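Scrolling down, you'll hit the structures one after another.
Presented sequentially are two complexes of subunit A, the first with subunit B as partner and the second with subunit C.
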Partner chain A sequence: MTTATLHKGRTIGIGGWIGAGILTVVVAATVLAPWITGDPLEQHLEILLQAPSAAHPFGTDDLGRDLLTRTIHGGRTALTISVMSAVLASVLGLSLALAGALFGGWVDAISGRLADVQLAVPSIVLAIVVLSFVGNSFGPIVLVLVLGSWVLTFRVVRGHARAVIEQQYVEAARVAGAGRAAIAWRHLIPSVLPLLAVAFTLNASYALLLESSLGYLGLGVQPPQPDWGQMVAAGQAQIFTAPWIAFFPGLAVVVTSLGLQLLGDGLAERFTGGPVTRRGTK
Partner chain B sequence: MASVLSPPLPRTFRLPVSGRYLGGRLLTGLVAVWGAITLVFFALYSTGNPALLLVPPDAPPDEVERLTRVLGFDRPIPEQYVTFLGTVLTGRFPDSIRYGENPLPIALEKVPASLALGATGLLIGTLLGGLIGYWSATARSSWLRRGPLGVAVAFESVPTFFIGILLVLVFAVNLGWFPATNGRGLPGLVLPAVTLALAFIPAIARVFRTALLDVLQAEHIRTARAKGLPHHLLVRRHVVANALGTTLNVVGIQAGVMLGGAVVTESVFGWPGIGQLSINAVQNRDYPLVIVCVLVIAAGFVLINLLVDVLAALVEPRLRS
Partner chain C sequence: MTVVATRTETVLDVRDLRIGLADTPIVHGVDIRVPAGKSVGLVGESGSGKTLTALAIAGLLPPAITITGGTVTLAGKQLSAVADRHTTEHRVATIGVVFQNPTPSLNPRMRISKQLHEALPQGTGRREAAARIAELLGLVGITDIPKTLHAFPHELSGGLNQRVVIAMALARDPKLLIADEPTTALDVSVQAQVLDLVDSLRERLGLGVLLVSHDIGIIADRTDEVHVMSEGRIVESGPTADVLRAPRHAYTRQLLSATPSRLARVAPPAKAAEAAQTPQLTLRDLRRSFSVRGREGRTKHVALDGVDLTLHRGQAIGLVGESGSGKTTLARIVVGLERADSGEVRHDGLELSKQTREQRRQWRRDVQYIFQDPYSSLDPRLSVAQTLREPLELNHRGLSRAEVSRRIDALLDEVELPRDFRHRHPSELSGGQRQRVGIARALASEPTLVIADEPVSALDLSVQARILRLLARLRAERDLTYLFISHDLAVVRYLCDDVVVLRDGRIVEQGRTDDVLRNPRDPYTQTLVDAIPGGSL
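So, the complex of A and B:
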């Protein structure tokens, strides 16, 4: 069913390309930030709380810092944490799903049970416990995001891997003497790669939303290091006098997340013939 | 014989959900609460001496020592664990650093405000989300099928705190209709409730749509259509009722995500509920209060799940297993 011949001529669609375009711009801007913008902490006390203008397209904040610069630099924090969490969550979800499919029995039962546990512990509770007791530095934040999102990849990959392992060619490989590692490497992983790409974009989008929420709540990385969620929280105090301070960093989160979701939907369309990973839109 | 002595109760008197089903769910819930307590215990323990966290930063060393002894932090870990469970069961937590008294009543006091906000948000979210899902599955006009769902799905890319900020920008800053933060009474409830609702709507709309489409393909629907039942009656009588159980079940699974949305919403609007209290407690490093808040939220989460399960079993007999 999901063989390459059926997919000939299919593309990721307009939405997918728009998503890819958005992400390219966002990633390029954040990676090149030190070269294309100034210092995000530089203060200019003569231009406090200026509305967006040609010189400062996003305006300035209460310390006269340029918000475009800060927003671009804020993306470095938000994207580094989100992408790293998404990579780790994908690896964790993939490993557990493949182990469950390959070994079956109690391995499968335990990995399934772990996914249930994840649902029983709301991310916000986990975040409060870990970040308040262990501290809110890079490592614990990534840990919270990974624990909160690995199940996304796990569910997507698990169903597919279970179906593939039942296929005759896998049976044939087993009869021919291939071990579990060989079956995983030769047959399972190539088969789940497209799904993994889709799951990764979902994971990254979820991690970004959660990361910015933690930043907003003051549980994320600490000032003065700029971070989108934290910048929105700081801007809220001046929402009546300088609404742009809270608006632009938040908009950056929305645009990036939208880019990830559009790309994810496009990839799903391209590889699986429909957004199988998202309930309700089949 | 037995039936003569105690004639079977009329059908209407029977509990719609079996006690066994309820008991099983309650047990699962208790295991979840126990898990939360254990998580807190190990997080506390991972910091070294938990007593240092539970006293004010300026406390004299003998106070730290006293608390270490009273709470048994100088005992072996298994014994500490039992002591901690005992603390939770008796409700005698160490004093809140900020308020200087038992944090449990402080946290419980905030629950009604959270419930009011949660219930209002859930009501608006369910009605709107249900309507959008209903349109997207059954509407004849393709605009009504795709438009509202598309907008709802796009909202999944907007973090809850930013939905709140945007509503504040439009309705408090520009139009001045509602208070921006710290609002009381009905006007103060509107923006937080709508924010919370917007966090629910995409999930509810999606799930309800899928459930409706699944039911629409069932054979009894084809039969009803064949006998000439008008479309609107068909959908109302046969489709919606059959789609409710699945929807409730998935909403129950998503309850954790919604809980996060509720905590964020309370923080955005300064709503005096348990979510805001817990975030403030974290920021003030008031660890006794953090522990209590986490446990109250976990218990509330379990109760909500239980309620959803019972409701799902009420509307969907197939789930009563």
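So, the complex of A and C:
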């Protein structure tokens, strides 16, 4: 009985489908933003701080900008940065984990220690330090997000890859003439792909939260370019008089991150039969 | 037979026992009678229902599988099909069970003394228990009782663990001992000891023994009566000697003809004799040791202690020894999966560590390996075609797609698998079919030397026989040189011209297979030869 037959019939579950649905809506809206909404920077000084209404479903801010438009456009920044960091984090985590499993010895030791160091340093502190030195443009922000989230992929993939590399069929491949690259390509990567998909969604969710925190702290994308975290921070001054300014971008962060988490849990259930973060070296 | 029945007490009487999984019947009406002091064998291949029958008697069926009909009478009391408290108590008091693999049937985190204590009837006093435990261990032939009691299962050998399991089975003075493949996981010489022990206990304690095994040799040596089981039915039963001397059912004949000692030997290929002058593989003073973490810190385990061996082109050498003798380590070094600490390995006259890149590539193609376990040696994600494509693509670069596909077909033909198996995944193949795929993968590189590490020990006897015939045929057709590792001398006798006996990393005896088996010079070889089951066949 192999894992393939055991897991046959398992789906990503209701939660997973809800997550996928949320993400589809969010991604579609942000991608189509230029066509379905107006200019996020357009000011209408005659309609300052209006509460949500039929004309402006999310209300307007203190410069008379439409918040629905700004929230959707804010998602473009937040999601681009998060997804990009999650992709890079997955690639970095995967490469280091495979290198560790394939070469063993000091390669494995060093990558493992790197991960330990990363876990010991709070990523928000690391982000503040890095960004206050190099300035907060797109590149550095992605860099700190990658630094903050590659460890998850690394640990999940390494545990699995180390188990696979011990399998007899990997030895059989060596006898058949496969070098390390061929083993990684033919046997390791296909077997870690499901885990990688799970780790990717969790990474993206983590990166989104971190990116929003940075925006909130003023270390993210700079105004007037809209960004969810930064919009929450801007709305904070009027939280009692015009709560919608902070509420809707905040809600967008929560909903998107929830969608990613739900999808991640669903994928984990589908592929591994349990939360991915709880899987050890087995 | 009827005379015996009236004189001795019947411990177990099974009538028309039927077992099913939901609506699918698996065992269709089985009758077994075990008299006290006698040993009854249940023989068949995997999937024949013999283990389920044994489990049903012991009340250990998995939840989804139920008894759908028939009666089980244990020591005069009929058991109800549904396990109520009364039935369970009666079973616990009457049956002792010994499973196939001793180490997993013991709790790894508990000392032996505690596990034995647990097996005693409830309410046994401390002092009484200690005395009884010592008695039980003495009974199963364990000499160093204090040390064994203090040990954890992983600190004991498989044979010792199996003795402990038997002691646990005896703890409640059972009348019936069910032994399900009790020695399949053990070395041959240990096998013989454990079976001797079961025999002597049967005589001393008047136990009825139900011995379940796929190995007709063991059944022949150890049982008074035998039931041959196939596809959920008993196809033939009677006194063991009669059944095996003159089997009436075709299936019994098939089982008998598959025993390695009965396989007709093929004459070694004629070319082998003339080519035998060229050495293909030379091992000189090969040494390898591993450091093992144990209770007394790190200790050194010597796997190979200076081995010299020459393999000539076309020769088939059997490498024989028990687990821990270093035979697998030797094979892994030869094939490059492991490095020796010192000594040299020469292939075609070239030392392994001094090869150029091109020579190394050639060596990689020339020397191939067949793994023991057909289940873990195939990537579960890859189809048969993908598995076979790997060596073709890696070792013969520049083959066109069509050519690769043609060669995959040819390989499947060669190992006698249907061509449309190329789309199957390992989970859709039986053990024997997987091993054929493993052999085809080894052949894909066009090797001249094939190292096979116990290639048939995980398979049923009849499948074993077919794979052995395949290996013999391939040797003749492809002029292969074999280094064949096995713990089973009968298998080696079938396939190999020469044999090398390895013990504790040293070669203790080598020579022509027939000579060595007929009059072994080393006492260790003698014990191995004596331990071959099926001597009474």
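By definition in this document, the second predicted complex is superposed on the first by the 275 of 282 C-alpha atoms of A that agree within 3 Å, B and C clash if a C-alpha of one lies under 4 Å from a C-alpha of the other, contacts with A are read in each partner's own complex, and residues count from 1 in each chain.
Basically, a contact is a pair of C-beta atoms (placed from the backbone, for glycine too) under 8 Å apart; a residue touches a chain by one contact, two chains touch by 3 or more.
This structure is a prediction, so every number in the text was calculated from the model and none was measured.
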Worksheet item: Since both structures carry subunit A, what do subunit B and subunit C do when superposed there: clash or fit?
Response: fit
Discussion item. Let me test your reading of the model: by the given contact rule, A:213 touches which partner, first (subunit B), second (subunit C), both or neither?
Written reply: first
Response to the item:
Rounded to the nearest 10, the angle in degrees at the CA centre of subunit A toward subunit B and subunit C equals 90
Discussion item. Let me test your reading of the model: by the given contact rule, A:25 touches which partner, first (subunit B), second (subunit C), both or neither?
Written reply: neither
Discussion item. For A:163, using the defined touch cut-off, is the partner it touches subunit B, subunit C, both, or neither? Pick first, second, both or neither.
Written reply: neither
Worksheet item: Residues of subunit A touched: more by subunit B or subunit C?
Response: B
Practice prompt. In the overlay, answer first, second, both or neither for which of subunit B and subunit C A:120 touches.
Written response: first
Discussion item. Output check: A:243 vs subunit B and subunit C. Expected answer is one of first, second, both, neither. What do you get?
Written reply: first
Worksheet entry | First (subunit B), second (subunit C), both or neither touched by A:253 | first
Practice prompt. Figure out whether A:172 sits in contact with subunit B (first) or subunit C (second), or with both, or with neither.
Written response: second
Worksheet item: Regarding the shared-chain residue A:187, is it in contact with subunit B (first), subunit C (second), both, or neither?
Response: second
Discussion item. Quick check on the superposed pair: does A:14 touch subunit B, subunit C, both, or neither? Answer first, second, both or neither.
Written reply: neither
Practice prompt. Could you grab the smallest C-alpha gap between subunit B and subunit C in the overlay, to the nearest Å?
Written response: 9
Fill in: Set of subunit A residues, in rising order, touched by both subunit B and subunit C
none
Item to complete: Sort out for me which residues of subunit C touch subunit A in the complex.
Response: 335-337, 361, 364-365, 368-369, 371, 373, 376-382, 390-391, 394-395, 425-427, 438, 441-442, 444-445
Worksheet entry | Parts of subunit A lying in touch with subunit C, wherever the complex brings them together | 1-5, 167-169, 171-178, 182, 186-187, 190-191
Discussion item. Please output the residues of subunit A touching subunit B within their complex, sorted ascending.
Written reply: 117, 119-126, 128-134, 205, 209-210, 212-213, 216-219, 229, 232-233, 236, 239-240, 243, 246-247, 250, 253-254, 257-258, 261, 278-282
Worksheet item: Given the complex with subunit A, which residues does subunit B contribute to the contact?
Response: 32, 35-36, 39-40, 43-44, 46-47, 53, 133, 149, 153-154, 156-162, 165-166, 168-169, 172-173, 180, 205-210, 213, 250, 253, 255-257, 259-260, 263-264, 267-268, 278-279, 281-283, 285, 287, 290, 293-294, 297-298, 301
